[in-house]
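In the two complexes below, subunit A is the common chain; its partner is subunit B in one and subunit C in the other.
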Partner chain A sequence: MLSIKDLSVAFKTRKGEVNAVRGISLEVGKGETLGIVGESGSGKSVTSYALMRILDAGGDIRSGDVTYGGIDLRAASERDMRDIRGREISMIFQNPRAALNPIRRVGHQVEDVLIRHAQATRQDARAKAIAALEAVRINDAAARYEAYPFELSGGMCQRIVIAIALACKPQLLIADEPTTGLDITTQKAVMDLVGELAKERGMGMILITHDLGLASQYCDRIVVMKDGLIVEEGEPGTLFTAPQHAYTRKLVDATPRLGASIRNLLPPEVRSPEPEHRVHTRPLLEVRDLVKTYPGKAGPVQAVKGISFDIKAGQSLGLVGESGSGKSTTSEMVVRLQDPTSGAILFDGHDIASTPSARFMRHAVRRDIQMVFQDATDSLNPRGTAASAIAEPLARIDRMRGAKLSTRVSELADLVGLPQPLLSRFPHQLSGGQKARVGIARAIALEPKLLILDEPTAALDVSIQALVLNLLVDLRAQMGMSYLFVSHDLNVVRLLCDEVLVMKQGEIVDRGPTATVMDNPSHLYTRALIEAAPQPPEPVAA
Partner chain B sequence: MSARSKMILGRVAQAIPVVMGVVVISFLLTRALPGDPAAYFAGPAADEASIAEIREALGLDKPLFQQFFLYVGDLARGDLGTSLTTGQTVMSDLAARLPASLELTLVALLLSCAIAIPLGVLAATRPGTWVDHMCRVLVTAGVSMPTFFTGIVLIYVFYYLAGLAPSPLGRLDFIYLSPPHVTGFYLIDAALAGDWETWFGALKQLILPATTLALFTLAPIARMTRAAMLSALSSDFIRTARAAGLGSRKVLYGYAFRNALLPVVTTLGMVFSFTLGANVLVEKVFAWPGIGSYAVEALVVSDYAAVQGFVLAMALLFVALNLVIDIAYALIDPRIGLN
Partner chain C sequence: MVDMTTSQPARKGDTTLGHIAYVLKDNPVTMLAFAMLAFFLGCAVFGPALVPYDPLATNASRALEAPSWDHWFGTDNLGRDVFSRVIVATRLDLTISVAAVALSFVIGSVLGSIAGYWGGWIDAVLNRCLDTIMAFPLFVLAMGVVAALGNTVENIIYATAIINIPFYARLVRAEVNIRRNAGFAQAAKLAGNSDLRVLAVHIFPNALPPMMVQVSLNLGWAILNAAGLSFIGLGVRPPTPEWGIMVAEGANFIVSGEWWLAVFPGLWLMLAVFTFNLLGDGLRDIVDPRKRT
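Coming up: the complex of A and B.
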């Protein structure tokens, strides 16, 4: 149905031309689901924008053929392309809330497409738009029709985006990272919905994703892209269990999965034995009946409803939950960025909850609790160098100055594996993995006893995530730190944590040693989370 | 009551303390003016005794707080005092002159928006082309030239050389009679009276000063429109709309432009307020009987009642304007007032 031959796409940038896609060929049959897997910069999204001819300014198809059902999409006029987009080929995107017009009712956005492709008239547009919303299993579609995107959850917004894409019954759907940024159970619901609808309508699909597990679960055939080239193609079973290309193998290895240890994520040639970390019986952090209440429009909202837990010295505790579960609020209270409404936080026996967060920076234990943030880019000052970011806690809390400070900064860079020449660079000159290392170096600069890690690898590619997770394991063994590891990714938590807490709606619903909780989940919700997480097939040992 | 109308009512309530603050400040500000109004009023030949007499008549000998209560009391009755220079009540002076300034400013802004917004949109949809460059040149020229200079150049070219414009002397050439006073806006009053000859006469007088002001206000509006359109056009939802096959008109106007309007409305409010204050020079150049020239004359001679009236009127106007902008914002953007 769709055939791409030798497609090349180049972008004009200030630094000259960048070849984003360098001669790829692929085909999608009727009713087939093709997965395009690759890390950021592999050209997987650009390929789809190129075939839809919606490349950003500066992007240009250099060579190759794109044919869809006998039509040459490269030669088609812009007018014909507009008829094809949305009616023959549709797209859904990541970050569904941003993908919708923020100041237009979602129902009207569905209508716009229906009217554009003459699938509805002004008279019956409303009824047809509501039918399109019902087709993506939206309850009470007539009420949702009136809503604005900001009034809906992320998963609901993605359903609206899908409704817009499928309203005119296209033959091919391109899903570009459709579940990035969604909770794991929402991801499953959205992917199941798209899969079912594709099957029902005999619709072909291209699923673009960085998640191997997701691709292998939902695709009939997968191509792996790297640096604008297709490096391997095959059925999910064989591709992942017996990868031929070195890059595919590296990707498969780096994906956290059942039965793999944290060192297994690294390429075999750099695997060293996993260091042991000692867990003491003495508790480092004791949290008792912690409550956080926010004033809401419709009365107070309890974000955290009286939870208690301990972290022993040297222990790593995983805190798992979906958005709105209160896990971030909890971690922010522990690191004392927020004041609890009630309850106690004992650190090394001191009650640190009694010091207001505004004054906590002068507290004696401030240096012992540090945090690594989720977004490595946003958590660094864009006008400060890597060295100045790492130096900041040393200069502020230890009053370190001059040569002593710069020596310590280089030591820390070595410790986190950041090459020395990069220290003078600014955040925009560093890669995602390098920025994550800067963030970690800054957090461990004062040799804290407790490190709070708030989804530190969520924005990273899997191969970089593998390196960062292994770095965290090494640092833990070397420095004897305790971790509070906040994550939505159960596979990552399983690799790193001794014990795990599962939070839902402000309460701890499940807890215990990681292996016990994950292998024999006692709570229904834990089971739902584990089942929703896509599992990549086991690779065959090389 | 809907959340939005509740928000609007709340916003109106917020304006009340601001108005009270304005009353206090306008009072204190004018008392701080240098010079003795009583001495000025009495004239150069007056002796100590007659100055004291006048001071007493004006109530200037009383303690400050007592003066303040008298002032507030007068204000409540709509009495802003009498101007020392014109001899008229300040209220009637303002009623005659404020509409002149407002008419000039509003016409200038309409003109400015009619050019700047399409220009900004065009420049944003074709970045790097000649339209974009022309926009940049026009915008830079507009802000770099002071209004009195543009005004004089326009008079020189269109009145003196080309003879197209009428003489730059006020709101209406002497051959016309002013239209019957209804709103004080000559264009509206003449239209209400059905007197189209006067209407055209008033319009002809307006064109040059309005163009002068419009050239000056073009820049911020065009630049903001361009920037807002550029950022709206690079949003994810524009990509969604394009991927759904929506036509370029729908994408541009239905999706991008409405989102870009939000910052433009904010800028418009700011531009309106500074224009209303800054058009003194234009009024002087075109002998426009507006509120700006009135205030400057009053200030020079310590005519405190007139200055006070001016400050109060302008402050109230700004408060009302901000209110309108906020409400317009809430009407365009459904997210405001709910989140």
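Coming up: the complex of A and C.
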């Protein structure tokens, strides 16, 4: 149905031309789901933009053929392309909230595409839009028709986006990271829905993802891309259990999965024995009946409902939950960026919750509790260099200056594996993994006793995630830090944490040693979370 | 992408000067704007020393002469050289506009930062005050201020600054507000910064790129505003050379055919405003580190 031959795409940039896609060929048959797997910069999204002819300014198809059902998409006029987009080939984008117009009712946005492609008239548009919403299993579609995007959850927004994409019954659906940023149970619901609809309608699909587990679960055939080239192609079963290309093997290795230790994520040639970390019996942090209430429009909202837990010195505690579970609020209260409504936080036996967060920067414990933020890009000042970010806590709290400061900054850069020449760069000149390392170096600069890690690898590629997780394990053993590891990814928590707490709607619903909780989940919700996580196939031993 | 140990040597263009050179080369309009700015600054600094005639010297025998090789822009009704007067006026007009814009930039930034960072009732009170200023027709407000305080250059500067404060305050407020809970602001707090330091050192500088666009547009408005005040007789007093007064005085002679009296100072005024308006995008690109790739 769709065939791409020798497609090359180049972008003009300040540093000259960048070849994003360098001659790839692929085909998608009717009713077939093709997975394109690769890390950021591999050209997987650019390929889909090129075939839809929606490349950014400066991007240009240099050579190759793109044919869809006998139509040459490269030669088609812009007018024909507008008819094809949405009716023949549809796209689902990564961020559903950004893909919807925030100031229009979602029903109207579904109608727009129906009317544009003459699938509905003004009179029956509403009924057809509601039918389209019902097709993506939205309950009470007539009421949802009136909603604005901000009134809906992320998963619901993605369903609306899918409804818009599928409204005109396209023959080919391109899903570009459709579930990134969604909760794990929502991800399962959305992917199951897309899979079912594709099957029902005999629709072809291209699933672009960085998640091998997801690709192997939902695709008939997978191509692996790296640096604008296809390095391997095959059935999910054979491709991942017996990868032929070194890069595929590296990807498969780096994906956290059942039965793999944290060192298994690294390529075999750089694996070293995993260092031991000592867990003391003395509690470092004791949280007692912690409550956080926000004033809401419809009465106060309890984000955290009286939770208690301990972290022992040297221990790594995983805090797992979906969005809205209160895990981020809890971690912000522990790191003293927010004040609890009630309850106590004892650090080394002293209450630190009694000092308000606005004055906590002068508290003696400030240096002992530090945090690595979720979004490495957002957590670095765009106007400051990497060195200035790492130097900040040293300069402010330790009053370090001059040569001593720069020596310490280079030491820290070495410790986290950040090459020295990168220290003078601005955040936008660094890659995601490099920014994550800067964030970690800043957090450990003062040698804290407790490090809070708020999904530190959520925005990273799997191979970078493997490096960063291993770095965290090394640092833990070297510096004897305790970790509070906040995450939604159970496979990652399993690798890193001694004990785990599962939070749901502000309460701890399950807790215990990681192995016990994960392998024999006692609580229904924990089980649902574990089952929703896509499991990549087990690779054959190297 | 995957290999994190690759490092690149510092490239040309990583330095501030290299970056400015790149921005200028990338956009010919910016280049033109900076060239014109350099010309006006040159006029302001060296103009009074270089002009062929004393801008205040009268010569009744050569009054109202059309442009010629002796008097490029002609002479006025008192026989003063229009060209000399136009060039000498540059210094005064630029001083007024730069001083007024600097003043409103500083005051607006402080007010806007406070409102945007702390929010709450401070924000509400401040916003209503700014709304009140903006509710007046701004030129009329400026007239009122000059009329009340007295007819001096300082008061023109104050009046121009007051009517521009709301633009800066609102812009800074919005820019600070979206960043007050950003990761880097929180990280700065963890590094031991007080709220005030987080705001001044970490958040505020991020508002500079859009501010630069506002500054350059405002410089243009401020010149127009100062000239406007002088034109209606509130402001710089004759015989001081100033573009607004010269246009006002020259306007009387247009009917009788002596067009050069009003046209040349008007043209200079237009070119100055034009320069500042073109300057905006270039200035923004220069202060934005993200443009350094």
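Note that in this section the second predicted complex is superposed on the first by the 542 of 542 C-alpha atoms of A that agree within 3 Å, B and C clash if a C-alpha of one lies under 4 Å from a C-alpha of the other, contacts with A are read in each partner's own complex, and residues count from 1 in each chain.
We adopt the following convention: a contact is a pair of C-beta atoms (placed from the backbone, for glycine too) under 8 Å apart; a residue touches a chain by one contact, two chains touch by 3 or more.
Note that the structure is predicted; figures quoted are calculated from it, not measured.
Enquirer: Should the superposition on subunit A be reported as showing a clash between subunit B and subunit C, or a fit?
Expert: With subunit A aligned, subunit B runs into subunit C, so clash.
Enquirer: Comparing subunit B against subunit C, which has contacts with more of the residues in subunit A?
Expert: Per-residue touch count on subunit A favours C.
Enquirer: Is A:Tyr483 touching anything from subunit B or subunit C once the two structures are fitted on A? First, second, both or neither.
Expert: neither
Enquirer: After superposition on the shared chain, which partner residues are touched by A:Phe240: those of subunit B (first), subunit C (second), both, or neither?
Expert: A:Phe240 contacts neither subunit B nor subunit C.
Enquirer: Looking at A:Pro102, would you say it contacts subunit B, subunit C, both, or neither? Reply first, second, both or neither.
Expert: After superposing on A, A:Pro102 lies in contact with subunit B but is clear of subunit C.
Enquirer: For A:Ile164, select first, second, both or neither according to whether it touches subunit B, subunit C, the two together, or no partner.
Expert: Once the two structures are laid over each other on A, A:Ile164 reaches subunit B alone.
Enquirer: In the overlaid three-chain picture, which partner chain does A:Ile84 touch, first (subunit B) or second (subunit C), both, or neither?
Expert: A:Ile84 contacts subunit B only, not subunit C.
Enquirer: Of the partners subunit B and subunit C, which touch A:Asn381 in the superposed model: first, second, both, neither?
Expert: Touch partner of A:Asn381: subunit C, not subunit B.
Enquirer: Among the options 134-142, 152-160, 170-178 or 206-214, identify the stretch of subunit C whose C-alpha atoms clash with subunit B after superposing on A.
Expert: So the stretch of subunit C that bumps into subunit B is 134-142.
Enquirer: Name, in rising order, each residue of subunit C that touches subunit A in their complex.
Expert: Residues in contact with subunit A: 1-2, 4-10, 22, 26, 182-184, 186-195, 202, 205-206, 289-290, 292-293.
Enquirer: Along subunit A, where are the residues that touch subunit C in the complex?
Expert: The touching residues are 13-15, 39-42, 227, 335, 337, 358, 361-362, 366-367, 370-371, 373-375, 378-384, 389, 392-393, 396-397, 417, 419-422, 424, 426, 428-429, 431, 433-434, 437, 439, 442-443, 461, 463-464, 467.
Enquirer: Where on subunit A is subunit B touching in the complex?
Expert: 52, 54, 56-57, 81-87, 90-91, 93, 95, 98-104, 112-113, 116-117, 148, 150-151, 161, 164-165
Enquirer: Spell out the part of subunit B that touches subunit A in their complex, as residue ranges.
Expert: Result: residues 127, 234-237, 239-247, 250, 254-255, 258-259, 332-335, 338-339 of subunit B touch subunit A.
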